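There are two complexes below, and they share subunit A, which is joined by subunit B in the first and by subunit C in the second.
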Partner chain A sequence: MRKETLQAWALILPALLLLVAFTHWPAVATLVDSFYTTPKGSRPPRFVGLENFTDLWTDPVFWRAMHNNAIYAIATIPISIVLALAMALAVNTAIPGRALVRMAYFTPTMLPMIAVANIWLFFFTPDYGLFDQILAPFGGGRHNWLGDTATALPAMIAVAVWKEAGFFMLFFLAALQAMPPDLKEAANLEGSSRWNFFRRVTLPLLMPTTLFVLVNAVINAFRLVDHVVVMTRGGPDNATTLLLYYIYEAGFRFWDTALASTLTVVLLILLGLLAWLQFGVLGKRIHYR
Partner chain B sequence: MRSPHITRRTLLAGSAVLAAPSIVRAQAAAEIEFYFPVAVGGPITKIVDSYVADFMKENPAIKVKAVYAGSYTDTLTKAVTATKAGKGPQMAVVLSTDTFSLIDDDLIVPFDTLATTAEDKAWLASFYPAFLRNGLIGGHTWGIPFQRSTIVCYYNKDIFKAAGLDPEHAPDTWDQLTETMLKTTKRDGANTSIWGLEIPGDGFTYWLYQALAIQAGVELANAEGTKVFFNEPGCVDALQYWLDMSMKHKTHPQGIVAWGTAPRDFLEGKAAMIWHTTGNLTNIRTNAKFNFGVAQLPAMKRRGSPTGGGNFYLFKGASPAQQQASLTFMKWMTTPARAAQWGIDTGYVATRPDAWQTEAMKQYMAGFPAAAVARDQLQVAVPELSTHDNQRVAQSLTDELQAALTGSKAAKAALDDAQVKATRLLKPYAG
Partner chain C sequence: MESGSTEHGAEVRLSNVTRLWGATAALAGVSLHVRAGTFCVLLGPSGCGKTTCLRIVAGLDHATSGTVEIGGRDVTALPPAARGVSMVFQSYALFPHLSVAENIMFGLKARSVPAGERAKRLDRAVEILGIGHLLARRPGQLSGGQQQRVALGRAIVAEAPVCLMDEPLSNLDAQLRAEMRRELLALQRRLGITMLYVTHDQTEAMGMADQVVLLRDGRIEQDAAPADMYAVPETRFAASFIGTPPMNLLPTTATSAGLVVTGTETPVLRPTASRPLLAGIRPEALRPAETGLPVTVSHAEYLGADTILACSIGSVGSVGSAGDTRLLARVPGRVSMPDGTPIRLAFDPADLHFFDADTGHRFTAA
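So, the complex of A and B:
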């Protein structure tokens, strides 16, 4: 082998080792486990082929989790991105107390999710929780936000959006700051309206950032379940059971490694498809400088 | 080369090993780790830590590491994961109902194989039978009762008085309960300022429901943990009564009342009665700004409550020396005096009859007679629902109960579905 090749391998070896040990190997092991039954006490795992997947097909909780996760993703992704962009545009202009506002937007990102979930638990408490107190003067009445199947999932979505938007704002803000000011001056000279400038110049230049944020938002839509554990434990009647939460339940509460591996494989395929869609389809249409 | 000073010390230590090998071995081996959960309000971790410190002062040869591991579910998860990875704790406090699962997974050791002396046997027999029952499987004792509880009714005497009820008397029957709920519920317009009763419906839904089922005269599972009877007529009556409280009588909040919200509502004076674990007794006693009473749960066909709470378990993987050290620690933690103190500190039910005869407990009861309610209720207590694959079977019941409570299923349909799910889960164990 040539000396350069050897050197190249040596250079990527540390990263490769970590990637294999913590990403590729577990994924392959999970795939293998999904073809076996759960070992119980002295009973070793048995090869069953695709039986775990056909079982999953008839599992109503799985479909509930998929359905919930779809709603969760469809709501959190666009809301948090649009909100992040709006916040970034707001704090990119010269407004009084700009540093303070930026910090306020970013605070949710810095707080640990478990602590935050406990605070939101109080916000959602019926009668004397924050939301019911705010709504009370307007004849709001009592809302059992987390104890009602209709509002429990939207409540989870609200917490996720609140948590994420500030983080995404940071990327948009960085991109806005990096935008050359002469573009704005040129547009002003040409007499372009603000909306036209935003649509024709700012937005296209933000597209690489938007794609990056979108990828993160999609991942988070499947990853961010800490607050579910604290606030509802997937209830009431699985109304807030998300895919990852169901994997946790199956793996670490029911000790059903077969079900947990099968669910994980489904999640991996789903995320793989989404990544392919984003990079393969959207990525080609984006202009990188 | 190292300095001669260190060499000399090393030599000295070496000769000490030769001189007293047994002591050194005991010191080296008797390091035990112990996971415990916190499921109620109050400074439980601080109390446990202080007990552990006292124990180590009295038993310098044993080093105990007490690890607070979260909720009951978290503690079980951590203990099982760690044990499967070969780094488990030697002992843990987890729910008494997880015994079947722990045995099925081959993770715990029965006590009767280790505690073999006459004194040990007397210790095993010293607990209330109602608390031991969940841990008695296949002729072995697998769990030592520690933080045990039952469900009691906490009621606000001031609200009772305002509603023209006898504040010294809580309802004895379901009929009286309905009447009391109707009288104490206070509405202004569409808003309810005081609810007659709150029964928490998240997390431990099946447990609270089991109380109603017992009162309706049914048991939820057989003693072997292989069969459930979720859709017996009595079970349907029990769930229907819970639903009626909110949907028909409007005396109980609609939907799910959170486990943590019920005591908070009670302390805020927004609930006239709540059903909750005795483990919350000290919390409520400390924080209530009104007169409150504690009563046994009412009867339909009979009185009764499930037992609840956690046992000590001995995990596999402990060395014989560690097992003996764990046993010593458990015995120390459950002496009559300490069982009494633990009960006083937390509100959990002191686990053995002789604990209630101690001076400290007598004094405590003299000032706070409500503390004895849970003990008296033990006469009619039933072991908590416990089956093979317990977490999952309980979850299938909890899901369906929540479906009924949130109005998406009728009582009978929900329980039929729970029965089907649980029966399918238990098929491998039915034999």
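So, the complex of A and C:
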């Protein structure tokens, strides 16, 4: 018995070590750091309680980042999910060349974000970029899509949706293919229209998948930052600064560990709340097979 | 029929229906007439095209050629919903997220039947099937038999004149199956609907059908009432498919005295014919006696009401015997015989059937 216990510990030790080193310890350290000042030169960190959080309350860049992130989330999440569902429904029917279409939809997901960002940088380039070239014949002038505070965030949203929708489509497609085809046949015999079947059968049966996708989409909305780094660096005038990008800047450009830790704790609390809300409220209404 | 019932059956007619999958024909020129209000069973071995036939009637699949008529109306090009058929799937195809009541009324809602009428039809189906206590449950919370009733309920409330069933009892245990068989038959009689019922179980077919359609490799082998199919099988395939155990088919040899079972000298079965024949005799038509077909018992299986004797033709060691021709005899009561006992099996000549050994067709003396 004792020997088995030892063996068990020995077996989980490697995984445990990695988890502690790269997940649990940094998380705890971050929480601790958020109660201290940033060490500067010879000055050691000093315990300040909740002062970092109250400072954040009056930080305009923080509120800007929160605001941007809220818009970014509210736009990318529903658009990418609806688009993913639509694409999954489209490629689940027997259309010619559907393997090709499926692959095309999924390609953005396979590309590294840096590559994606560079492709879109080209699309958004004034004059020579794809969008300006397309718009030119219709009298569109030159646009500095990424340089204009009005269009920079929507441009980022477009990139995120393009990248995410194909990924989420995979989950919807898998769920659709797992649905027994005789349900559709039974509904056809009963005189159900396609819309009625979609609304009363397909959609409810896809709800577990939708919840899963939704949780992922929410996390991604606060996690995707690579394209901000490559394309705008949060500019112009913080128009595209998202929460995680702000954390990155605070932590690795200004070495303000106190601010970065505090922001991280806020982000974690936010994500925790959202996940609890989704599973708690939606989870109860969903039928799991 | 029940008073106030709006149901009545409709006749179903298939004319020369063929269904090709690439080069193979799942159905090859099937013509079939099911009269209104009949319980018709499509019977046959696995892969013979039963499901395909049913799906073509339902409109879930389309015939490569040929026409389908329901109630005198050509429905070949109509979608499933416009054909006036209901169907019970082998898998039941219940909607897992809907309650029993919602499952049953799904089609009525889809067709915008008024709420009052919906409730009336639901009540009636619930009363017929005895599932009142299950209405709020989900399919996942039901037993196989209960799910089957719900699937039936969905078919009943549609009040379609034709009901199609694809092996609806195959997921149930033997006892429940026998019970549901009786219930289904009673239900069909009560509603007066036309039933097209698929099974590969011949006892199910014999017990329920008014009309049995025996399929083989996409063709109709025989289309008859169960009693006729039992009494007068038209082909050697029909003979070997119907009955528990099925008919014995024995090779014959022509002798100067007449036709005998290969490996024996007596009894003479009939005068010699111009063609090689197979002699068919049902196991239940054989009885141990002083005279008759000489056989050796290789095994006796006691089943309770009767005993199945597995025998081989001829006596052990007899020279020139076709010792590997097997036959079964079904004798009433308990008969214990040590393996290897030589006995004789008597039969009434009227119980003999003859089939052309080459074509497999029934041979009738000219």
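To be clear about the criterion, the second predicted complex is superposed on the first by the 267 of 289 C-alpha atoms of A that agree within 3 Å, B and C clash if a C-alpha of one lies under 4 Å from a C-alpha of the other, contacts with A are read in each partner's own complex, and residues count from 1 in each chain.
To be clear about the criterion, a residue touches a chain if its C-beta (ideal position, glycine included) is under 8 Å from a C-beta of that chain, and two chains touch if they have at least 3 such contacts.
Remember, it's a predicted structure, so these values are computed and weren't measured experimentally.
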Fit-or-clash call for subunit B and subunit C when the two complexes are aligned on subunit A: fit
Touch count on subunit A, higher of subunit B and subunit C: B
Touching partner for A:L11 - first (subunit B), second (subunit C), both, neither: neither
Partner chain(s) touched by A:I219 [first = subunit B, second = subunit C, both, neither]: neither
Partner chain in contact with A:I134 - subunit B first, subunit C second, else both or neither: neither
Touching partner for A:S192 - first (subunit B), second (subunit C), both, neither: second
First, second, both or neither for A:P180, with subunit B first and subunit C second: second
Partner chain(s) touched by A:I269 [first = subunit B, second = subunit C, both, neither]: neither
Partner chain(s) touched by A:P204 [first = subunit B, second = subunit C, both, neither]: second
Which of subunit B and subunit C A:A104 touches, first, second, both or neither: neither
Nearest Cα pair across subunit B and subunit C, whole Å: 53
Touching residues (chain side subunit A, partner subunit B) in the complex: 40-42, 61, 121, 125-128, 141-142, 144, 146-149, 232-233, 235-239, 249, 252-256
Sites on subunit A touched by subunit C in the complex: 180, 182-183, 185-193, 196, 200-201, 204-205, 287, 289
Residues of subunit C touching subunit A in the complex: 58-60, 79-81, 85-87, 89, 91, 93, 95-98, 106-107, 110-111, 138, 140, 154, 158
Complex contacts: residues of subunit B adjacent to subunit A: 73, 76-77, 80-81, 101, 104-106, 190-192, 201-203, 253-258, 260-261, 264-265, 268, 270, 389, 391-392, 395, 398-400, 402-403, 405-406, 408
